[in-house]
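You will see two complexes here that share chain A, one where it goes with chain B and one where it goes with chain C.
Entry: the complex of A and B
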């Protein structure tokens, strides 16, 4: 498809002789609308011609020119995207050329659904996902938490689930992202997807070994920066997913629930990484975790211990959630009322 | 407002881009703190009204070209903003609104983002919701010009085998679309078992390990015998696993999934249509409460873990708590008498733990006394509603009118509405009343086939069972700041929700009277 050249860039479609046969359709013909938008002349012109094309049902090369013009001015114009897609298929355009164009637009219009969804449609046909991972990684350099970008990556991996090659570098990729920012929740979520969410990879069939590996990983990251809800949520997530009790982590967690102690051993224990010197303790998520350990014991005695911890959260360490901690207290006391 | 020194979010001497931007945001918000602990903030209703009126009458500036495919949204945000501010439109503009909306209806059914644009679930929701506010029965009223039959066909044409729906032909699947479809179908009496088959399961599959919901999930299907004669059904079965969520837990998607689930309750209750997956309520509650920021961010809500506060999540997250009440979580009407008595008993037995206050009825009496700020802590909400109101009033209002994400950003139509809706959710306790539901069911006039009619009656009565708890509103800054109560599912007023539904279901809705005792006098 011919790119928009510098000469024709300033010309509206109404001024181009090659478009003279198309009848433009005004947006509001018989109605004086409420709350109109003050479009630029170029946008109004392009969309008037788009409505004309849709009316006639034309699917041709010049439709690609027109829809590209609209998309560049309003990347959220989903009808233009949909019509473009149908046109690409109807006139058998080579889709890798289209993908290259999309590379440019995606960077500019990262936060728009349609730019990413269009890629999905193309990939479903081209079936060449390998280059996409690199493209997605580049996009994430610009916006490390872009929702569309990450969910597109997950879609790609899930859709091409059978291609083991696609998955081999994925854990390393998550590692890289978490090294850049251990608080990037999108990266933690992706880790969960890669390790637990989409089937079992070759060589990872021993799930208890994987769980052990992940527990060490998340504990190390907690010790680096304990007040990081992403890491704690990941820890809770993997325990719940594997139906593993929280109690196994009691020794690890306990140290994070109190201020720094003056006597610290320097023994390195992978299973029990202690909080780094700069950590701000006690850490609310650790206190919460310890309370959950007690609650899981299901005895009245343990529920009372949990109650003390929840009370400390409500009154001191996490006061914004006071009502929630009070709710937890009520719940635990009711659950153990027969154990008195 | 506590006079304790503020605790900025801990950094653990380990800064990353996330903590940098969080710190920066907290520094800015510090400037918006109440000047004194006893300060009474004012909701500048007039300025916000003028902001909305300007958009409506003068039109939207050129940068709103990016919303050209969302014209129904621009109108809905504006009209519902008026409703929240207790303002009705004049007849002239009302008719103009109806006429504008009807140009968005597509000849093939459904509404698009503008005239001639392809039908889209989100545009349909916004258009129909706008009609609920300004429309009426009869010629040129909008309601009777909606082509329901073609709309239903459009819905079915985007339905996917895994229970989800594309938002439009060739477009994406996500839970926003499902909420929009279910809400619209409920208002217009278009819900059928065929339409919603598999949808509850899809919603449940979007819940992530964090407890909130993602935009969508990815299905896998059973491997089927290639020869048709060996297959047991015409459509392949979605497998329980792998069915990964696509994207992390997010406030907007969580609201949509939860509201969608509540809309499906009349279906999920029956054993025929019961979903195989259920929601994990405990992690969901935990995640929702964890989305409220500390007072360093003035108690507003964020949309995802480790991201920044944003006024619109006041509705998406703050508003979700009311939906949880429909699932038995929170709300005084759900409180088990046993739980309250048990707490009372335990606390009586405990020595030296007076700071919890006395339990049970005595505790209720204590709560009803205003604290030193005049705030009556009578509510049983599970998040800090007062803090949320503080965020909205001190940081959410733009000085020139309209409401916003956070300072120093400009106001926009989207944030203006969702901040107002969030304020409404924080001011009022709106809950599903069993007494009201019964009143409505008793007034139902049966028509048509028994089973189908039963279902319609269940749908109708559940949607209209939401009532505002009398005398339980808590308005920071005084009565002048009151905004209208909002229906937690539709984000319209209860009156507008009733109006459009009574028309489409052709039923009389008994007037809302005083609701005697939320728990039927038990507590």
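Entry: the complex of A and C
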């Protein structure tokens, strides 16, 4: 008899009368454990019963109760997840109910692969991706850079690609995330995925217009916070992807490679947004970029200019990568040594 | 952990004791190894000991027997713990342990090969187990395992390489699946090491990726896994290993990284944490020591960064690829 006041949910499975017909299978204990498991009595009890269920092959509602208990204690128990999934299908459980339960677990166990894989499996059956975007956005509020969460969003969009509406709000979503944190590398990666990495949206067929739009966007964000590797990586990425020359950015970048100028014009030029007044200048990423522009000119004169910039990085602005910058210097000088 | 000046030497004997005592530390409840990791944890412990020159600090027979207890007769592979379903990651760990303990004959090579091959998907990537979770980590586990068993030719290499190239991102890095963000561990290391084994490093943009990897180093000397995230000792291996395969380890500041790893040690109890001041665990102890080995830290044994096993073991099997770490320094 359970003690007064203790409800059934807190009893171990070995204490519950409705589980009396199951033969629990104890974990193999005889081998001297080299890397022992430290588990609670409740977990041991639940997994003993899990092994019993697996042995008998039972697929029923109480198996869902049992696997949920295990997962809550150890969200990485991949066997329990798999058996749960098979059970859900075998007994025809309404999967949106399962998804609601998973909503709670996903937020609690964000860094676990299994939580997300289970969701993927469910979605391939329910085929209702629209609600998922909302769920993912909520998850990201808890951990804005969670790798699994973003990867799941990318999977969802790619898998249900032909549902055009799914993409409608996506660019706005990325924008929202970047407004919250312009240094969120996952958001910048996602932007690349949305714009360049997963097909072309209706109305976006004019790729040169899209490139223009994205250049303005990334330059704006660089001007707000110049010392942001993710934004500069995005800039390089879109130029490379469209085989556009770095040199077109020379005027924009140059301003970021020197300390703040005292005689700044206040004219707003979308093509040349200047660094935010509070930004720390010169910006190392800008110096890198300008050096690359010079290097791409492939003349000795330009190589020497690049060398000067790399030297400033090696000796002052990015000393931890001194050897890398010295390598770039050697490389460029070698490449142009015959150019007089 | 001590709050006095950070450690500047590697406390090998402390770490050896730490690993040996993993079985005994019953009062260390914060340190929790769950069943889904046990076989992997043994591999981390054994490899760390080997790099520190103490490969026989744990009982060989007991270890090999335990590995065999993890055999899943139905699936023809190894689970992470006795009674667990076979999984590709656990299977790799089992193979690695058996090879390091010179006990591969205990295993049914054909059945294991069959199990691994059965996990290859039409796209070229590998699943982890029958549950179907896919990831480039599992791809690496498959390629590594099959290579160690001498069965690499039985897999569809073209498709695998094709999948990896589709995981390549605009920044030169690789993600865990097609479309995912570049990540030093679950994208870059696994893809680059798999490509090294498959002799297909042509898929890598060496300069861009080398630069991206060198950009992982933060002012405190530690390495992170992607831009604008925190440093973590384990990236000392993932990033360094990839760099050594690209032969660009000099592109990071070795002294500062060494200092960072050493400062994450527990000088009293042994073990290494993810960053200074945090709880130690065998995972970070292994990867911290592995990173130091690649950096040429004196007194350590050479580690093969492609397979993450002692270099001489890999060389004996004729599997050494063209990687380059820093020269081993004298004590």
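As a working rule, the second predicted complex is superposed on the first by the 329 of 340 C-alpha atoms of A that agree within 3 Å, B and C clash if a C-alpha of one lies under 4 Å from a C-alpha of the other, contacts with A are read in each partner's own complex, and residues count from 1 in each chain.
Heads up, the rule we're going with is that a contact is a pair of C-beta atoms (placed from the backbone, for glycine too) under 8 Å apart; a residue touches a chain by one contact, two chains touch by 3 or more.
What you see is a predicted model, and the numbers here were worked out from it, not measured in a lab.
After superposition onto chain A, partners chain B and chain C are found to clash with each other. With both structures placed on the common chain, the touch criterion links A:171 to neither chain B nor chain C. Set side by side, chain B and chain C differ in how many residues of chain A they touch, and the one touching more is B. Once the two complexes are overlaid on the shared chain, A:197 sits against chain B and chain C alike.
After overlaying the two complexes on the shared chain, residue contacts for A:144 are found with chain B alone; chain C is out of touch.
Of the two partner chains placed by the overlay, chain B and chain C both lie in contact with A:113.
When the two complexes are overlaid on their common chain A, residue A:74 makes contact with chain B and with chain C alike. In the superposition on chain A, contact is made by A:323 with both chain B and chain C. Judged by the touch definition given at the top, the superposed model places A:227 against chain B, while chain C stays out of reach.
Judged by the touch definition given at the top, the superposed model places A:121 against both chain B and chain C.
Of 5-13, 23-31, 347-355 or 383-391, the segment of chain B running into chain C after the two structures are fitted on chain A is 383-391. Shared interface residues of chain A (contacting chain B in one complex, chain C in the other): 25, 27-28, 31-39, 47, 51, 74, 76-79, 81-82, 85, 113-114, 117, 121, 145, 147, 150-151, 154-155, 158, 183-186, 189, 192-193, 196-198, 228-230, 233-234, 236-238, 240-241, 320-324, 327.
Per the touch definition, chain A reaches chain C in the complex via residues 25, 27-28, 31-39, 47, 51, 74, 76-79, 81-82, 85, 113-114, 117, 121, 145, 147, 150-151, 154-155, 158, 183-186, 189-190, 192-193, 196-198, 228-230, 233-234, 236-238, 240-241, 320-324, 327. Chain contact summary for the complex, chain B toward chain A: residues 2, 9-14, 16-19, 55-57, 59-62, 64-71, 74-75, 78, 93, 96-97, 99-100, 103, 112-118, 120, 168-172, 208-210, 214-216, 218, 220, 241-242, 244-250, 283, 285-286, 289-290, 292-295, 299, 304-307, 330, 336, 338-340, 342-343, 346, 353, 355-356, 380-384, 387. For chain A in complex with chain B, the touching residues are 25, 27-29, 31-40, 43, 47, 51, 54-55, 73-79, 81-82, 85-86, 113-114, 117, 120-121, 144-145, 147, 150-151, 154-155, 158-159, 161, 180-186, 188-189, 192-193, 196-199, 224-230, 233-234, 236-238, 240-241, 276-280, 283, 304, 311, 315, 318-324, 327, 329-331, 333-334, 337. For chain C in complex with chain A, the touching residues are 22-23, 26, 29, 31-38, 41-42, 45, 58-59, 62-63, 65-66, 69, 79, 81-85, 87, 128-133, 135, 169-171, 175-183, 186, 211, 214-215, 217, 219, 221, 226-229, 250-253, 256, 282.
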